[in-house]
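Following this line, the structures themselves.
Below, subunit A partners subunit B and then partners subunit C, in two separate complexes.
Right, the complex of A and B next:
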């Protein structure tokens, strides 16, 4: 049965200050950004009904900027804007790749990066790139500003390190360096408009065909997105050869703890994690001429 | 037996927007969707309801020129904006004619959404590649045609 929403009030503040005042004035509001997840959850009853603050029209939180080797993205920037941003395409191409695969064009036009972060699905496609780009989140409230690394923000399945009265205002990423290459990967049950069964992001810092450093993150295979330090360690200092890539891909199993669900079994997810990491490493190795 | 429910409060607010170029004012609960208002208040039933959860694309409309799900767009998000529905597309438009000529319509339920999505694509990319057409309509499910005639229709409308 669908939950009727005719009794839900939606307030539309004119600026961020007004949002923060509303958030501090009483508990129980939910913030509405694109609404592509929240409205479905409200109607299904997965999220209890409450009044909403519609922040989707706040232009001041919609931007992509570059400063001091970093990229700052306003929380209400849509995935269409991220996918088309010249700054993202140039300095964080793995995030542009991920943005392109999020749902459909319709979803990309409304869904925001802040919404994806706060909705906290372990399968969220923007998160693996944010993990390997050492994203920092800017949380603002009337009491001040807190900056937090993305992996500290998620404490468990949909458990966030956010306080009442706080608003996620900005995501800051490091720009990929000159020697760095990377790709986002996604396995869905359909080519487009699908929720990820396994997704991930890989960055390799290369010196010729030798890996100086590696950053690997996977989604949909644990209660939160996870980094894969064991796989990263296998690659570090080695040449991108067949046996190294296979060993690193197998090592990813030490970092993940998938479950059975409607989109796939835990065993299937384990196998897909290894295979996709392997395919992605091969793709990168081929692109740089290492194999 | 159906249990009588107690009527909870009903909140209504006034919303102004442009629908297919015409200024509109409606009173509606702010968390009601554009789809509900179009179909049940304004009786504009060209926009279809499929899954009502953003998966099928049947309810696609243009909001300020961009395709969005009207089932996931609440009235506060419509305020002051331009909405284009299938009723706002000229029936003689080359895209509509191409769909008919290519036989890209069977049951017809997905057709309004597909026309809107392809219309938006052609505004941005007047001569798209086949890959671009497929990307643009990946969020519009059709269970009859197998998509090949739809893709053909869009390409043929673009003269590709």
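Right, the complex of A and C next:
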């Protein structure tokens, strides 16, 4: 049953310092960015009611910048902005591809990358690209700044390495190199506005049709997003041939532990993980003329 | 529009288009009467349980609560159109998770929501009856005292045994179709208040104000005159507001408290408590000859009506009547069951029982075509019924029958002609196919009495007011009726005001369902114009002593005896002056024949027909089906408004696509798992195909200007066309919808298609 939210206080601080001060006040505030996860969860009772700090207007946390081989994205940057960013499209195209698939235009306009990261759904679409781009998160509080690699940040299903009083300020990714190609993939149960049944990101560092290095991450098939080292290993040093691509795809099964839920069975998710990895490798192979 | 132009067939823009597009139109959920009480409903926690007691003391003493109502407050606690089997508020038992147990009326929304949680209900859970086949067994727990068979009918026509004996081909299949949820934009909503005379007024989304009024009056045990029902613009209904939803609850609160009340269901509440499309299990054995003639059909139909009958008994009739498709099948054996379970409640949904059987039959026909090696459209043309034919139940097809013409248009369409041309697909794991299916369904309510009235009032400024209880559920009936009035009376359409769906002010045009309303209202309107003509004759006779021989409406006014032209404003003035009154009523009764034994409304005399062709792309490695293109060829009778017509068909195609591929209500042990629009998915704009709508304008002699019903026809053959296309693309034979990616994937894997792509390296387990 719907939870009434009429008695929720919403504070609108003018800058990050004020946010941090409020966050440290022990009043149990929650941060409100685009609200596309939080408001739904408050209304349904999935998240207990609390007062909110509306940070959506903080322009200082809304940017995409490039600095010595890295891309820095402010936590409040929306997915529309990410999808349209020339920097992202050029240096992290797999993230731009993922951003394009987040809900609908309305959700892309409101939803932020910071919200996607902190909400920590295993099916969150921005996460597999962040995993293969070795993202680092910048967490700030009155006590200072912490930088953490994305795979250290998630400890288990919705268990995050974030401390009370901390705000996610920025996500930093490595830029894809000249020999690198990649794609994001997503399996939803309809063409638009669907939550992923399986999603993932693949980066191949190629020397002609030979794989120098591979980075593969999958979502919605384990309590957190996972890398697929076995599959990466199969590819390393090999040519993108049919049998290699299938072998690598099958190896992904060693990295995942899907469950049954309302959107699909574990068995189906296993099949989809294999098949999507294959389809993605095949597309990349095709693009470089290897098949 | 020039004065010579005709309104019938003109693409007149709907009068409600602008206000709806700009958000100023008022729906029931937009209304907040002064000093109203917020109403909240306590719904059952179990799919099936005895109620041992209800303790509402804590809720009653909660601050802000004005009333807590239970079954003890309901004068007559059973309602329903075909069977009064449904409690307004549960007393002895709850029979599904949405069943209402108590109402809270409070000063604030928060108090109402809070107090609902404070009502203590002592339940004794009973085993839930969730499988309709198990429900039919003698030892099954009973949903109702009377047993779990809500209705059962067995019919035999022709010599089925003989037909099977001489058949060259027999195709057999068991088909299952899912529970579809209406998912209208506006949930069930309304307000209520007492008017200055102390009568209860209910303003709510609905499809039949007069019938809703009767249901309210019955439950409250008051004369119908004590109740007024107004149906404003409705944000979608599709049959889901054909039964009473919030109306009795609202009236009850206002009757008990004397205060205005407001009840708008949340999405989740709507999904749980609202009616659904009947999930079905259909077994078919169909016999055909080598040269492609359908000889016999043996059919078992099981429809799960859930906890209550609602409109299920009539839905079952429609299933029976249409399960042989639009074909000259000479013999049939049909056993049909409507079964009670604890799976929520099924009732009316666009197509009203026909889409389920159409899925089964049209899959059968396609499989027969494949067995014979004949073009599936040609096979359908060989068997297509024609006007004047005697159909399998012995009934004569009296109305227009355009299925053959539709099939002909389909056969010549490029989507069909070029269906096997090699288009290159982007990836090796994609398959392309084009499928076809035909559909039929009666419109009007068949052999049941079907009558409706419409009023026409001439204003002294020469404008016209048309009144009727048809409801504007988004389909555009108001504009179409205005166009017919403009055509008949030769006035500009802007000069026609339409007063709709108010039991106090508009005559009873009966239900807005069964694709009947334009046919009914249009014909009643014709009668009203005849009555007006007679009234003019009376007037002229009184004024001049001679009764005119002819009275016709022209752009300049009424032409009497082809010499005197009386402008409408003058006519209105004179009618008023002479005491004739300026209003007339026209009543139309749909022609009907006796129902065949064992049925309620079979046969109809009037049918709609259509053919759907769908192009699909199947991803063999995921089971995902996308539908880039659909062509709908519709026997539309005469199209009154092409914009409304196309809109209805396009909407129906997308709804049919959802039914075929996406919309899956998961119910486990009587509990709905997909309670929101994040888990119960309906097609998004990206799922919608390019849709080409082609009207085949047969002329329906009995219809207004040749028009016939079109509201439901667009959905009938969408699911089988899409699934037939999948079968064509992949060589598998799906028997179950929704054909979700996962369901199709396992079928493809079983068929070896996945492993063929994988080769040795990719093969798993």
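Basically, the second predicted complex is superposed on the first by the 290 of 291 C-alpha atoms of A that agree within 3 Å, B and C clash if a C-alpha of one lies under 4 Å from a C-alpha of the other, contacts with A are read in each partner's own complex, and residues count from 1 in each chain.
Throughout what follows, contacts are C-beta pairs under 8 Å (C-beta built on N, C-alpha and C of every residue); 3 or more make two chains touch, one makes a residue touch a chain.
No experiment lies behind these values; they were computed from the predicted model shown.
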Using the superposition on chain A described above, determine whether A:230 touches subunit B (first), subunit C (second), both, or neither. neither
Quick one: is A:191 in contact with subunit B, with subunit C, with both, or with neither? Answer first, second, both or neither. both
Just subunit B (first), just subunit C (second), both, or neither: which does A:134 touch? neither
Based on the superposed arrangement, let me know which partner A:52 touches: subunit B (first), subunit C (second), both, or neither? first
When the two structures are overlaid on chain A, which partner does A:18 contact: first (subunit B), second (subunit C), both, or neither? neither
Quick check on the superposed pair: does A:9 touch subunit B, subunit C, both, or neither? Answer first, second, both or neither. first
Looking at A:109, would you say it contacts subunit B, subunit C, both, or neither? Reply first, second, both or neither. first
Report for A:80: first if it touches subunit B alone, second if subunit C alone, otherwise both or neither. first
I'd like to check the shared interface: which positions of subunit A are touched by both subunit B and subunit C across the two complexes? 2, 6-7, 104, 191-193
Touching residues (chain side subunit B, partner subunit A) in the complex: 8-11, 29-33, 52-55, 57, 60, 63, 66-69, 72-77, 79, 117, 120, 134-136, 138-141
Mind pulling up the subunit A residues that touch subunit B in the complex? 2, 5-10, 12, 32, 34-36, 39-40, 42-44, 52, 54, 56-57, 80, 103-107, 109-110, 191-193
Name, in rising order, each residue of subunit A that touches subunit C in their complex. 1-2, 4, 6-7, 104, 187, 189-195, 242-244, 246-247, 249-250, 253, 262-265, 268, 270-272, 274-276, 278-279, 282-283
Which stretch or stretches of subunit C touch subunit A in the complex? 109-110, 113, 116-117, 266, 268, 427-429, 621-622, 624, 626, 662, 666, 673-674, 678-679, 681, 683-687, 740-742, 745-746, 749, 754, 758-762, 764
